[in-house]
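The structure under discussion is supplied below as structure tokens; questions concerning it will follow.
For clarity, chains are labelled A, B, C and D in written order, and residue numbers in each chain start from 1.
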Amino acid sequence: MAIDAPLLELTAISKRYGPSLALDQVDFDLFPGELHVLFGENGAGKSTLINVITGNVAPDNGRYRLAGEEISGMSPQGARQNGIAAVFQEFSLIPDLTVEENLFLGRERKHLGLLRKSEMRSEARALLADLGFDIPTGRMVAELSRAQRQMVEIAKALFEKSRILVLDEPTASLTDTDADTLFKLIAELKRGGVGIVYVSHRMREIRQLADRVTVLRGGKKVATVEGAGVTEAQLVEMMVGRPVGDLYPSIKHVPGKTLLEISGLSSADGRVRDVSLNVRAGEIVGLAGLVGCGKGEVGRLVFGLEAIAGGRITLGDGASETPSPRKMLQRGVCYFPADRGTDGLAPNRPIKENASAAALDLLEIGGKGWLRKKTEARRVLQVLETLHVRPLMPDQNVAQFSGGNRQKVMLARGLMRDISVFLFDEPTVGIDVGAKGEIYELLRDLTEAGAAVLLASSELPEILNLSNRIYVMHEGEIVAELEGARRTEAEVLAGFFGKQPAEVVGIEARP
Amino acid sequence: MTAFVAGHKQRAMHLLANGGLILLLIAIVIAVSAYIQPRFLSQQNIINVLRNASILSIISMGQMLVMIAGGFDLSVGVIVAFASIESALLMGYLIAWMPEMQVLAVVLAVALAIGTGAAIGLANGMLVALVGLSPFMVTLAMSSVVAGATFYVTKGIPIYGMPDFFMTAVGRGFLFGLPVVVVVGIVVVLLTVAVQRLSSFGRHVYAVGSNPIASRQSGVSVTRILLSVYAASGAAAALTGILLTARIGSGQSTFGGTYVLESIAAAVVGGVSLIGGSGRAERVMAGALFLSVVSNSMNLLKIDSKYQTLVLGVVLIAALCSELLLKGRRKYD
Amino acid sequence: MTSRVLAKLNRTSFGVEFLIRLVPTIVVFAGFALYQPVVASPGNLWNIALQTCYLAIFTLGQVIVLITAGLDLSIGLAVSYVSVVAALAMVQVTDNPLLAVCVFMLVGMAVGLLIGAFNGFFVSIVRINPFVVTLATFNILLALSSTVTKGFPVSGFPPQLGDWLVNANVLGVPIPLVMAAVVMAAIGIILSRTVFGRSLYLIGSNPRMAFVAGINVRLHTLGAYMLCSGLAAFGAILLTARAGSGEPNIGGSLALETIAAAVIGGARLRGGEGGVGSALAGALFITVLSNGMNLARIDGYIQQLCIGAIIILSLVFDQLSRGSSRSS
Amino acid sequence: ADWWPFTIVPDGPDKKPMEAIKYVPLEKASKKWNLCVLFPHLKDSYWVASNYGIVDEARRLGVRAYTFQAGGYDQLPKQLAQFDDCLASNPDAILIGAITEAGVAGRLKAGMDKGIPIIAVANPIYDNPITALITTDHHQKGLLSGKYLVESLGAEGGKVVAFPGPQNSGWAETYLKGFQEAIAGTKVEMLEAKFGEAGVAEQLTLVEDALQTYPEMTAIWGGAPTAEAALSAISEAGRDDIKVVSSWEDQKMPDRIKEGKVLGFAAEYPVILARIGVDLAVRALEKKPLEFLAAHPDVRVLRATPGMVNKDNIDKVDLTQIYAPADWQPVFDTE
């Protein structure tokens, strides 16, 4: 095949969802051996375009050509038969099936109509080993962490020889180590002539991987540029339509009174053991660690979402015996879950109700059991404006917003009432650079206004750039506390591997 | 040592949680009943129980498949009645039409009745899969349609005129020392077990019930799976209706009234998740057996019939409570 | 801008949405009225209104649990059980009519709330699937109501009961209608203007989110089931007064009927949606349909068939119109 | 064949039976009256036979009858709604097979207050104002069938399991009382009364289980579905010696008697009850009361005495008084 013949050619694709035009006359093409990045703000239409490519969404109009052949009405099965594999942003995994069953879903190995289980098992093991992902194939996906699911999702897409590989934020919940494994694979696939569509909000990856970048804004294509000849600043400017300064704001940490003190905290499920840490007013404390090390669970324990086996949690105003979300909110602690889909939002309710959900016990909003709808609407609008939620339609259901905007709606909860301790778990998972910047600014504003922030994140740059102090977790325990000049990538990474750096961490090493 | 004991305890809990409990309960009910009423273990009584359990198992297999795929089939009851009168009527007509070929007539009638059951199921499936309506509403409304049709045809009057051998050979006959009904039940259950364990279809049913969007993205034809499970449920219900007809010797439009709840109860007691994605045929069969044994032993122990529904209610709640206890449960989910 | 206005209208439970939901009812009504003019006679309109008000109360109870993504299959038996127990309690004290009626209503409400608490306990505290819990309750109540009455209706009501709860009127409007309207308005306010109501919607839409947001999921869910059975008891009181006897069979197939009505009215089994408007629109639709078929003298078997078919049709229509509004 | 004169026993004001009278209907109605008929359901041969009686008699008299069916005995609210729908359509008279008397009492009053004659058919209305009730006696049917069973079992008596019907139906309990009265003081002993839904499938399980529980049983007494189920259960258990008597009728019972499988069944005359109901309604509308009723204005209740059908009399019994013709399709509106 000549290098100038595109594998995939989309012309003038449009897709409308209700009032919003998710895709507006978008052109897109992909050549063999090329990695083509789709870049754009949350809600720009990237996932929608990918769903069009993979046959999951039928475009309202436009042309779809695959290897020069015009195709109308592409279906998911059709796409797969035509060699299109995909890693989806919201994973295409079945929680009630095992890893192995998921990997083979829809293409089971059969003989005379019967499944060939042992063959599939060994194939699955081989594949995961090849990829360097340490995941037991017999475990149910429901029991895996998000990062592990991400790995399974990637493995699933890489399973079969494909001509086109679509990756919608494949590294959103991977650590850099795992991401690097993926990048090596991607390079190999490219050499084999596979065309790759890649969506990411992480600039590092885009710089490292992109052959070409197509920038979308508000459903329209802004430009397609060569990856080599463009700067980060230019990309971001194209994306948001204006020049943007530094992504990470500089934060003046003025640590004051200790607002949250955890000592000897262990979880009932054993995933967190004997954790002690403290967070003071006016500082951001980072909680770093490998996937599944329990950094997210610390926040959940403090907020009373998971059972505690032992330890003490002390807030600024005294000890807390049995934490519960309600008590914690009333004492000025708010937790923001990593998985906004399952824990964070009520999808078929308006964003207004989602934003005010944690403030219903406040006198001014839900005083004495009666809603003050006017006050509520005013306050919510204020907060949504502060967070730049777009479109600013408080009465629209959450389900109709893009990922980044959903995230902001969830964060709005913390601004609706007096909160002094913020527990963030992966606050910027899968959201665009613009929105990320806005969330960082929010963190800065909160901190400088005297809040105590505990930030659990898998994004190392985020931790390094924002934190005043960093705790590193390994297998459920805190192995390092880094302050001042010790907050370096090298120090944190050393902590990632815990006490036995030789033994690279895996799920199976955990009790 | 303690670790050893703990390990055993854990294994035991695991066993109990995964179907062991129901077998244990069955054993207890049998033991207690047999102690109080020795005739409980008479050959005839065992046959009676097995026969009832088989009939319930068959209809529960269909219900289970639909439930695993994330739905409900409330129309199984009326399909039982419809298949009963349809097969009885058809047998009558066909035999009048070809009196020399009674066996063929019966086979044709049975096939047509099962086909109709599957077709009604298919209609359910289309409304669920293609239009996207809630299974609860679809099968509920379908029940009304089918029941209306059934009574329109029969006015509730039983339909006679089927050949005797249909009753004697199928309804009361024995094969390999077991009643034919029980043999059919075993075959249906084994078939379902095989489909669940050995075929990709079975796997896809779990996938669709667990996460339909992801299934679609993975190349599973969600529509095809949904159509198939509802059709299977309709066919299983029809088969139940035919077996009941053979047992009793007439087509009855009052058949099936209790089967909707009983089949769901058997599935639930057998550990089928009500939100889809999990459930095993052999455990559902154990659930059906359990319900049949309980009802039989209550009759034999002369427990007033009005308390029987009460016991059913309590058993249902207790089954789920014990499952929760055994499996343990996260603080929030 | 217009879309913002539309979205706003969409949100008000008694606004445009309700009017749109009335369209099929109006079409059906008009069809029958053309065919059989007596359908539109004032007498029959009152008749429809009265019939609707009972069903609407029950449906509203169902809607409330549907909002929390639950359902109540025991509602019909709760109605029956309340009917017989309240009647039994009342006939002990018939000498004093006022006392009798009070006993009747208080006992009825108390029994209803107890049933709701039972359902709610298992659904929200023990956390068993509501389908199974209420199915079990259904069976238990079936046994209990036949035990307390031995199958015979409880009669011997003081005539004042009928005078006060059935035949009285306020400015010419029959008392059951007035009471239903008051209760529905009260529930409407609870659902849309109180923290309790708001919490139910959030819980129904995503219980984990509600929990993380500090909402007491268990207590509110328990409350929803109690409110549901409370409404069932209230309806049962009115219906029993109308029948003039405590009836073990009075609830019949209410569970399925109310769920059908609620869904037709816009509530959803997956939770988070629905309101007083849904209960009213759904109950009205079912009532108008069966009243029309009765007056149009349609074959009873065919009626059953038609009700099923029309429910399916209206759901298909609803689904398709939702789908097209999304992509258009 | 014309059905009259038919022997009827009125209940006196003291609720004791009075002297039997011969019921003779009108020749023709003077006007095409609109009759509204409310039945609990049309799902078994009993109510289908009633429908036949109503329709056939309405046609004979030249009036219009429109039938509502509520769909089952658990559908009281539906019957109440249908009553109101019926009132809304301005009928001349109403015939009702009530789901329960107490349940429809309020509606009856509303109807009577509007001056509409109400005739209760088959299901009793004793304590509420109506124009007339034409019914039979379930107690009597239980008694008759019980006595017949005692007689068939002969001098040495026997042990019987009773299957009266669904618990809490009211009527099942009434049948059972009659039966118990019949066997009281005889050598026939009732081992147990097993209640259960009156469907063949449900009864089959009950009978099977009873056969296990009581191997000593020698007879079965129950309704028609019980008898039907019992036949298959006893032949399977090899207990063809067990005697079966049915306390009520269904379409198949006459054949079963001819085959010798069921000894006998108690029968009322649903077709006749319905016919008399229509005639009573027309008489009320045309102010042409039965002579007897004119003489006894306080008599409301008329009873057709049930009969026992067995192999000795099966050829003589006029089955058209008990059943609708085999190919009868219920007619909801005689127009």
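The rule we apply is simple: a residue touches a chain if its C-beta (ideal position, glycine included) is under 8 Å from a C-beta of that chain, and two chains touch if they have at least 3 such contacts.
Remember, predicted model here, so these are calculated numbers, not experimental data.
Enquirer: Farthest from subunit D in C-alpha centre terms, which chain would that be?
Expert: When every chain centre is compared against subunit D, the largest gap points to A.
Enquirer: Between subunit B and subunit D, tell me the centre distance in angstrom, where each centre is the average of that chain's C-alpha atoms.
Expert: Those two chain centres are 36 Å apart.
Enquirer: Need the CA-centroid distance for the pair subunit B / subunit C, whole Å please.
Expert: 31
Enquirer: Quick check: how many Å separate the C-alpha centres of subunit A and subunit D?
Expert: Taking the average C-alpha coordinate of subunit A and of subunit D, the gap between them is 72 Å.
Enquirer: How big is the gap, in whole Å, between where the Cα atoms of subunit A centre and where those of subunit C centre?
Expert: Roughly 43 Å, centre to centre.
Enquirer: For subunit A, write out the residues touching at least two other chains, lowest number first.
Expert: 305
Enquirer: Two or more other chains touching the same residue: where does that happen in subunit C?
Expert: Those would be 146, 208, 211, 270, 299, 301, 304.
Enquirer: Do you know which subunit B residues sit against two or more other chains?
Expert: Each of 151, 306, 332 in subunit B touches at least two other chains.
Enquirer: Any two chains that touch count here, so list every such pair.
Expert: The set of touching chain pairs is A-B, A-C, B-C, B-D, C-D.
Enquirer: Of all residues in subunit B, which touch subunit C in the complex?
Expert: 74, 127, 131-134, 136-138, 140-149, 151-152, 261, 264-265, 268, 274-275, 306-310, 312-314, 316-317, 320-321, 324, 329, 332-333
Enquirer: Subunit D touches which residues of subunit C in the complex?
Expert: 38, 41, 43-44, 47, 50-51, 54, 145-146, 149-155, 162, 166, 239, 242-254, 287, 290-291, 294-295, 297-301, 304
Enquirer: Over in the complex, which subunit B residues touch subunit D? Could you list them?
Expert: 37, 39-40, 42, 44-45, 48, 52, 151, 155-158, 160, 167, 171-172, 244, 247-250, 252-258, 295-296, 299-300, 302, 304-306
Enquirer: So in the complex, which bits of subunit C are touching subunit B?
Expert: Touch list, subunit C to subunit B: 122, 126-129, 131-133, 135-140, 142-144, 146-147, 208, 211, 256, 259-260, 263, 268-270, 299, 301-309, 311-312, 315-316, 319-320, 323.
Enquirer: Please output the residues of subunit D touching subunit B within their complex, sorted ascending.
Expert: Against subunit B, the touching part of subunit D is residues 41-45, 47-48, 167-168, 192, 194-197, 199-202, 204-206, 208-213, 215, 225, 228-229, 231-232, 235-237, 250-252, 255, 328-330.
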